[in-house]
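Next up is a structure, given as structure tokens.
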């Protein structure tokens, strides 16, 4: 185990609370069952992340349970074992410096697209707003080394979408902080479900690329309260 | 920012509470995720509306957060930015004087019909009661000017349905007040879902136009408590 | 308005509470939206029924709001208008003396079968237990006279099923009391949903009639606590 | 009725609480309606099991209501009748000594696969983790003798899956304790749903057997907190 630098203590304390609490949004939107999803956040200004412990029920998560790891996934502070997906989260933070939050779920509709290895086409204005493109499919990758992290980074680098459907597996989302990544996970399941249902009885009409571009640009720059997280 | 006339203060105070509170019905019936739907109400006797602020979570909405705008969508009272759909709401109030409430959602099944650009056929007695006809499809329209509002008004003018499926987007509903518009949004998703599911395994039987007419007339004039909002 | 006989007062007071409360089961199992379903109970030993008022939200229902009607549907006690489905409930009590409770919903999957005019085939042991047969389809009938009540009675007389899918409309269920009729409504939606989903990807295997008979006989005579309502 | 040995009293008291409480997970994940599912646990070191009473609503279950039976299903302690599925649970404990918990549900998607008599193919990494194989189909069996228990044991013996889809009926799951069996029931419905939805719009990609093996081995030996129930 490493050592938590004194200068990180305040941010870590805050993120233990925030990351612990925001798991409730995964529960509320039914994106997770049992203990199968997880959220992490980068500790700003430090090569550290805060992540959920492995196999602990969401209703029992306390700030104290959250684990602090370095960006190789080694535990620096915390009594429990970190999420078994920690290596993937850490890889993303190492290779995508603008990312401040990562979320992983097996949410039903998104995972169904992932099981077929099929991207969710961008056919709704809400999807153009949030994703700016289709939600892409990443490679099949086994847990245990950097394969999943590499698959996420390679798929999302240069892509507008903050969500990737990892083939035969589930969803990873990224954001400027944990809340933004959770929002992307919620919206990903929402549009994956709506487009699935639309396609059950025919073909959704495509959106013109120019309209997708305009919607995405506007939403990323205008929506919400000035200065607030979207 | 404009000025709130003294004669509107009492009605505005009441509508801030009512409009704020009734967003909980959108949450309860799972018509919205994150911050993506909104309700507004006309201030009776004034060219004003009360609407949800942009990007604020439903569980944090307080009466104080609600925004008062004039019917051009300009903020008259309130500290936050109004919903990014305010222009569409305002356009409806300007052009449909009998409308006292407007609701916008991306509810799943209704949005799926909207993604295919297909009207929901009137094949259930509950749908004849509430909508009196199919739920029609409005044009594809980009946010940012009067296109969405114009599409709503052109589609619903002279139509019995209080709900319109805006193509590739979502639902707008109207009512004599906010509660009636919310009810239309709830019923719209309910019948969009039931008719979708019916069609998954065959064709729902059509209702005769004369039966639709009789049901709609009876429901609009007899149902509920005398003098109460339906 | 008629007069409530003194000998009925105690039973009516109890049933106002019980019928009011059991509407919460319709909400809990998501069988109803807004104010669209209703429960009634016969007042034992009297030609009276207790039923939900029309158009009142479920969360506001108090025992005082419940309406007492005679078996022609005329209000005998209560301040509000009774459910607009009162005539159908009353007809059932007039013609089926063993029935002590009636429930009406537009629950999604059952209504989807009703929209196609298709009976739910008996392909699950739980369905053989509770329904002992397919869930049959009743005629299309308009509200406003005895058509709906007659359709329910004609379809369920001599049928094992306590539930009927009224064509293009919704579900009516019967039971020895309100709780049994609510249970039938809950189970009806549950099996309508499961059989629908089974059929989406193929054909459910039929149950042999002899097995349906054995299961139904056993469940009706053995299940649950001795002497208790099932 | 038999007699509860003094040496079992402490374990029985604990299991009455634990088994009673864990039924709430079946409700929370919507695996059961009304009173239709049940959980049991073996009393360690005794030929006894603790199980839900028959036909009692989940929200009214208290530790006192739980029934203690011997492994022939005869009641040893408790005032109510045990679950009508007790014989199946008892048969499993008699023939599978490593099993400490059994769960039975009619959860929707799993029961839909069971109604078609079709195994859920192993096409998701989460399914490889938990089930290590397809979720197999057991025989059609009537309640009332050892047929259901025998079907469960014959299907699951030598199979990695802790869940079996009993044909035209529902799901039985096993685990080292009640919590593990409930987890298997929750995950079974989750993957049955996701794979169903994936197949609605095409074919999920198969997982290579070697990948299934690696995932299952890792999950069974590495996941969660050291020494904790998974």
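We call the chains A, B, C and D, going by the order they appear; numbering starts again at 1 in every chain.
Here, a contact is a pair of C-beta atoms (placed from the backbone, for glycine too) under 8 Å apart; a residue touches a chain by one contact, two chains touch by 3 or more.
Chains and their UniProt names: A, B, C, D = L-ribulose-5-phosphate 4-epimerase.
Computed from a predicted structure; not experimentally measured.
Asks: When you check each chain against chain A and chain D, which touch both of them?
Replies: Under the touch definition, chain A and chain D have no mutual neighbours whatsoever.
Asks: Degrees of rotation, nearest 5, to put the Cα trace of chain B on chain C?
Replies: A turn of 90 degrees brings the C-alpha atoms of chain B onto chain C.
Asks: Taking each chain's centre as the mean of its Cα atoms, which chain lies farthest from chain C?
Replies: A
Asks: Compute the distance, rounded to whole Å, between the mean C-alpha positions of chain C and chain D.
Replies: 32
Asks: Determine the centre-to-centre distance between chain B and chain D, using the mean Cα coordinates as centres, and give it in whole Å.
Replies: Averaging C-alpha atoms per chain gives centres 45 Å apart.
Asks: Using the touch rule from the top of the page, what residues of chain C touch 2 or more other chains?
Replies: If we look for residues of chain C contacting two or more partner chains, we find 200.
Asks: Looking at the whole structure, which two-chain pairs count as touching?
Replies: Here the touching chain pairs work out to A-B, A-D, B-C, C-D.
Asks: What does chain C use to touch chain B in their complex?
Replies: Of all residues in chain C, those touching chain B are 33-36, 53-56, 80-81, 84, 106, 108-109, 111-113, 115-118, 140, 142-144, 167-170, 196, 199-200.
Asks: Residue numbers of chain D touching chain A in their complex, please.
Replies: 29, 123-126, 183, 186-187, 190, 193-195, 197-198, 200-205, 207, 211, 214-215, 218, 222-226, 228, 230
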